[in-house]
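Below: the structure, in structure tokens.
Think of it as A, B and C in the order they're written, each chain with its own count starting at 1.
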Amino acid sequence: MRRETWISFAFIVAGLLLVLVAWLGDEPFTITLATKVVILSLAGVGLNLALGHGGLVSLGHAAFFGLGGYAMGILASHAQNYEPLMIGSWAMEGTKSMPLIWLAAMLVAVLFALPIGVLSLRTSGVYFIMITLAFAQMIYYFAISWPAYGGEDGMSIYVRNSFPGLNTLDPIQFFVLCALILAICLILVDRLVKSRFGMALEAARQNPQRVTSLGIDTFRLQLTAFVISAAITGLAGALYADLNRFVSPSMLSWQVSGEIMIFVILGGVARFAGPLAGASVFIALEYFLGGLTEFWQFWLGLLLLVVILFARGGIIGVLAGERRHG
Amino acid sequence: MGDIVLSLDRLSKRYGALLANKDVSLDLRKGEIHALIGPNGAGKSTLVKQVAGEIRPDGGSIMFDGQPINSLNTAARARAGLGRTFQVSSLIPEFSVLQNVMLAVQAQQGKTFRLFKRFSNDTELADQASGYIDELDLQGRADVPVSQLSHGERRQLEMATALALKPRALLLDEPLAGIGPAGSQHMTRLLKKLKQQVPILLIEHDMAAVFELADRISVMVYGRIITTGTAQEIKNNQQVQEAYLGQEAS
Amino acid sequence: MSLSLFLEQILNGLQFGIMLFVMAAGLTLVFGVMGLINLAHGSLYMIGAFACAAVAGATGSFWLGLAASLAAAAIAGVVVEIVVIRRLYARDHLDQVLATFALILIFSEATRYLFGSFPLYLDTPEILSGAVTFPGGFQYPAYRLAIIFIGFIVAAGLFWLISSTRLGIRIRAGESDREMITALGVDIGKLYTVVFALGAALAGFAGALVGAIQSVQIGMGEPVLILAFVVIVIGGIGSIPGALVASILVGLTDTLGRTLLPIVFGTFMDNSAASSTGSALASMLIYILMAAILVFRPTGLFGARG
């Protein structure tokens, strides 16, 4: 097995052990922190597909993260207030069922990712970065100025949504649920990037002219990757909102886009466990540095700068001791 | 002879005051290598780009397999069976030899949107790709990344990927450039073998190779084709010697 | 809507737009010449505003503050260029985005450490504190009018700089051909530092000017930065005339949209629904404008490169 595989594996086992210890020692706070890591990793897994494998530097993935969050918030708030959700003249019941909410979150993310992708992929390079950022900002401002669902203040859900057969309010049960989803998505994305589609996507990142000269349509490749990527990040958004029982425009803000990108880069671009390592380190820094100093983001910034200028390949890359594109 | 695969009819391209191609007509028949030679700046690259679909001609038409292809873009011409290699080698740099060819096989099959079957375990792709790799004498180098290949090997790999598209004609832009004498000999042998399968329109500066390989040679000077004939006819042609070979010798 | 309100909104839009231009000009120059996307441009805007507020607060003079904003932003620009940015020119855009994102974190936190989390207030200078009365009785704040005026002077100055000075020739040469400019014997490292400092000074200047009509606070730069991106996308990357046209377009669209849309919706909806729908849509208007322009011109109005 390659060294990277071992490191990824060891990393996951260590994380699970930590949660096990926390569970046995009855420390729900640690479990909740671990759940946060898992959900943010999932958002990173989504972005990693577009950014790492597709070379699509999206600085607007907060849009999909937040839309997933709002999908959950809107459905659950209608359910808890017993008000039907009116879409035009068509009425729909809200729901507190997680699987339905997840489906809705992914669907909403896909519906937004399609037009955003079609428009953004007309361009490339630095235009793509700016345009994805701008579209995310558009949705952010819309959420702030649209008063129906809390506007700037966001909205709270009283009770966490339900999953058949589980008590989702129990931290460990919710953790296991989120971890399973992450595992499934990790495996699916891994399969995807190693498929014919994934190879063509990878090739298009490295040399788009070449792929075109083979007769493959790079636009369709990249749009597909962008949309799948958005769906995964949207799912993560729904889980994140469920974890906090709260959704607000801050989930849509450009800082969130930057942070999701940091998970991917800090961990290592286009690496299997990269987003997981990145999100873990990010949350650990937030927790430990945040306990030491109010200005922890200053140190985060410095660390990030050092990683980018000197340690290309991220955490997994440095540990695995081999270069990969970055 | 007969069986015309590719025919250019009075192609013209002008860049401002510069007439890059003027009424260029030539054809490519089954089983042959048709070489296009001429001094630098004669307009050969412009012609190749027009045939490949990178630039649009100002006038004239291109027929491929009996169909006009003027309105098709590059990708569509590639799908129609017009293979090509580039003057500057263009491969996927982080892929291995095998992966590069597998990608081309997959493109030829048109099954790129198969999302979950593992590419590396795809024996159907790998088997076909290996065939092309053997054909271009790259066996034993299949798992080497492109970045570690020699210049000559990259040329061979480009040919392998071009072949994997199952082209009905090949457009080779200076396949012998910069690969050294041993590489040249090797490539010359390969091209001889290849022309049985696919007719080749060959742009090349290496005269020895051209005379050895080409069934017919067209000479382009100042954007026009001044003559077309066999190697012997070209060698003995007064006009060519003045316009081109004489110039080289001096 | 009365004519005077309409005039006021036009002037507000112009003021907003021309400040966006001062911001976007630096960004687009830095991208055009060095090929760098700089997210920390908004931090330089913030540094200018804080420097102005601090110096004006200490000395009582807005003008000293304004000078300080130029100096502080330019110095911060030079330091950042030498320490970090020049290592990024050869990197891909992803590294540039992340490194400059890290710079935002560093600048924001350092500013918070120095000045605390509460907004600072910057008063408009005494002589510009009143309103100007136009013929016909229409009044408009003198300070805002002055900003519009200063903004157009800056724009004119930039056009002159690029078209007629030695530095401008080098900048244009650097945009078209990087090797050629080195071959001409220009010290490219120094040129890059100067261009970056110029962009930084402009951003800081805009921050100080706008700081007096809004509050001076951490994070004030990023919303403006993103709007400047929209401007650049619409205008075409690297094009100063494009940035000017797009800034005014964005400024007017945004300002007029916020006033007009609720009124338009009010003609067929009840009042509260009209104002909420109108304002929600208005907040998206410039992005819709950007999308529409992208459909027809993917490289922007004045853009050449793809």
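Operating definition for what follows: a residue touches a chain if its C-beta (ideal position, glycine included) is under 8 Å from a C-beta of that chain, and two chains touch if they have at least 3 such contacts.
Note that the structure is predicted; figures quoted are calculated from it, not measured.
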Most centrally placed chain - per-chain CA mean versus overall CA mean: A
Distance-maximising chain from subunit A - centres being C-alpha averages: B
Chain centre separation (subunit B, subunit C; CA means) in Å: 51
Intercentroid distance (Cα basis), subunit B paired with subunit A, Å: 45
Distance between the centres, which are taken as Cα means, of subunit C and subunit A, whole angstrom: 31
List of subunit A residues in touch with subunit C within their complex: 51, 57, 59, 119, 122-127, 129-131, 133-135, 137-138, 141-142, 144-148, 254, 258, 261-262, 265, 269, 295, 297-298, 300-302, 304-305, 308-309, 312, 326
Touch list for subunit A against partner subunit B, complex: 188, 191-192, 194-200, 202-203, 206-207, 209-217, 220-221, 224, 325
Residues on subunit B engaged by subunit A in the complex (per definition of touch): 74-76, 78-79, 84, 90-95, 99, 102-104, 106-108, 111-120, 122, 125, 161, 165
Of all residues in subunit C, those that touch subunit A in their complex: 31, 37, 84, 87, 92-95, 97-99, 101-106, 108-110, 112-113, 222-223, 226, 229-230, 232-233, 237, 276, 279-280, 282-284, 287-288, 290-291, 294-295, 298-299, 306
